[in-house]
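Contents: one structure, followed by commentary.
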Amino acid sequence: MSIMSYNGGTVLAMAGNECVCIATDLRFGEQMTTVAVDQKKVHKISDKVYVGLAGFASDAKTVLEKINFRKGLYELRENRKLKPEVLATMISNLCYQHRFGSFFTEPLVAGLDPITSKPYICAMDTIGCIAAPRDFVAVGTGQEYLLGVCETFWRENMNADDLFEATAQSILSALERDAASGWGAVVYTITKDNVNVRTIKARMD
Amino acid sequence: MTATESQQGVLKMELDKGGAFSFDNCFRNMAMCRMGAAPPRLTSTGTTIVAASYNGGLVMGADSRATAGNIIADKHCEKVHKLTESIYACGAGTAADLDQVTKMLSSNLRLMELNTGKKARVITAMRQAKQHLFDYQGYIGAYLLIGGVDPTGPHLYECTANGTTMHKEFAAQGSGSYAAISVLERDFKVGMDEAQAKALVQRALHAGMSGDNASGNSLNLVIIRPEKTIFEGPIVPDFCKKPEPIDLEYKFKPGSTAVLKRKEIKYEIVESMDIH
Amino acid sequence: MWGCTFAEKNEDVRDHEEFKADYLHEPVVSQFSFPLPPLGIQPKEFVGAHFGKELKNLQFRKGTTTLAFLYEPATPADQGGIIIAVDSRASAGEYISSKSVMKILDIGDRMVATMAGGAADCQFWTRVVAKYCTLYELREKAPITVAAASKYFANVLYGYKGQGLSVGSMVCGYDKRGPAIFKVDSEGDRSSLNVCSVGSGSLNAYGILDQHYKPKMTDEEAKQLGWRAIMHATYRDSGSGGVCNLVHISPEGKTRYPGRDVSQLYYEFAAELGRDIAYDPRDD
């Protein structure tokens, strides 16, 4: 068994027109046993920037603390808001610093530019190789199922409502076939006016 | 210890590592592997990269697929990295290493250009790359083709992860290089013009992209002439296009997902920070 | 008759003794043998090397919760007997390879075997047992007992001990001695039990069974207990899920109930308790 699937968990982000969606499952397991069903893997970094951390949960927590630390220092030093691209590069550098003894977590960044509201999504591997496509990214145990289904469900220039449905249905499809993820899901829809957080109904097995 | 001193201590600890690696997790990770846990897959470029020099200039190109095991991690990965205005590097190997090595090279070369007031030379870029890669004895998995035009003319170097470098007229690297190099070996001629060289590089890339599963999607080209550099891409070859356009639109009606709870997070209206 | 061996003789005048010798002989333990890997390679190592944990799509299907229990009728209106309840998930590692596997396999009119462990191993050897039981019934003109069928099953599995078979089955049925459950596994173990659960989610199922099981129950209570225990097992165990298939074997016969979605059962259970199970999004 890979370390990446020891605790299980999946995160998905999709980009739309001036909006992004980031979805997470809620399972926290120890191999086959489900230990908790309220472990979200998406964390708010600033108003319009969220980060998802899939993989080994204890490393995800460590990395999240390091990210918040660096983000705090950045904002104090630079006295300006963090752009999602900047956060992604910051996390990439953090992960790459541990190139030869990596954290077993795959970070994902989703957010809107604080000024232009341009959507930005990206995923990384455990040592910080950024992949920033314009459509969707996924990390975690359900990645393979998600990438396939998203190829069909994603469309150009979706509005916030359509994007929410596409993201929610994609992650629900992946949870049907991934035993290591599930037990509920939460979808964050980030628009330039607000963030909508929705707990969606998912299978409980 | 005063507050400033301890603050500096924190800064040193977390940020001022000067780009050096941290080996904090190594023992733990080795112990976990011994317990039977498989290490995670890294993203590899699994690439075809090609370069060929012609009369007075250089053409370089790469495909745009990044793979992690059997999945395509990135369909539009940029593998042609700009080092300076007239020096470019194409990379194959571990994707994160390539991004970081080329980022380091470009900033070092730019600093050197500003310090000396002269354009950087290709051999400088190559020497910096090989020194860095040799220092890490091949553990940094970057296989580079470094090429460009400087006052001494067009140059192309191949640089492997353990620091071996070779000066070449034409070269191919990556998992698709076997197909690509055979095209180059057959068709390369000394003293080609730009159009011929571009067509040759494109043909070699096509061979790599169709013959290698880990290469494909689209290609990027850069043509470096003494006076100016032209970047072309992404170009999608016919055999990489989707076979059928999607007729149906898979659109969900609003409300098709059962929402159990919702919460709206509003942004703070008063901005405490300046936005630039 | 086409392609039939007794075409030379007329079936009607065929000697009864000869027929008996050909078709109603003492059942042999098993005429089946696996083609073994050559060069002295051990089957277990071979299986481990080629279908090991690292190979995602080559793993045998496993991960299950199955349970069965005996009960006596609480009122004269009830039938009593055996309840057998199982989930329907087949998984290979984290991948759910099927959501609708029938893990209760028929052996006879009033006997079933449940499936846990390697799906192919269970299906194949249950078929072998069912064939034995049918032949036995033809020969003896009386249905086989659960004890005999399960003992045959255990003996067969014992014969292949150490060769990498993975079977955890419960042979459940109603015979002339009454209801019985025998747990049989690929180690060659066989034990008669009143309450039994097998599979990766079995401990979770036992938790519910131990809490709510009574020797005397109404039929409705017994069925609810089966569904409830499987539902709770699938909730905690990622190797179990899908729908809950349930069979009730009474002195009168076997009743199969349509599969019930365990996720739906969980939402119903939560509503019944008035428990709010939806995650509350917090501002962080």
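The chains carry the letters A, B and C, assigned in the order they are written, with residues numbered from 1 in each.
As a convention for this text, a contact is a pair of C-beta atoms (placed from the backbone, for glycine too) under 8 Å apart; a residue touches a chain by one contact, two chains touch by 3 or more.
Note that the structure is predicted; figures quoted are calculated from it, not measured.
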Selected pair, greater C-beta contact count between A-B and A-C: A-B
Chain whose Cα centroid lies nearest the overall Cα centroid: A
Chain of greatest Cα-centre distance to subunit C: B
Inter-chain centre distance, subunit B versus subunit C - centres from mean C-alpha coordinates, in Å: 55
Distance from subunit C to subunit A - Cα centre to Cα centre, in angstrom: 41
For subunit A paired with subunit B, centre-to-centre distance based on mean C-alpha positions, whole Å: 24
Per-residue multi-chain contacts in subunit A, two or more chains: 1, 44, 197-199, 201
Interface hub residues of subunit B, defined as touching at least two other chains: 38, 260-263, 265
Shared interface positions of subunit C, touching two or more other chains: 278-281, 283
Subunit B - residues contacting subunit C, complex: 38, 260-263, 265
Parts of subunit A lying in touch with subunit B, wherever the complex brings them together: 1-4, 6, 44, 47-48, 55, 66, 69-70, 73, 75, 79-81, 92, 95-104, 106, 114-115, 123-131, 133, 143-144, 147, 152-153, 155, 161-162, 164-166, 168-169, 172, 193-201
Partner subunit A, residues of subunit C touching it in the complex: 53, 63, 87, 89, 91, 93-96, 99, 200, 234-242, 262-263, 266-267, 277-281, 283-284
Interface residues, subunit A side, partner subunit C - complex: 1, 5, 8, 26-27, 29, 32-34, 37-38, 40, 43-44, 141, 176-180, 182, 184, 186, 197-199, 201, 203-205
Subunit B-facing residues of subunit C, complex: 54, 278-283
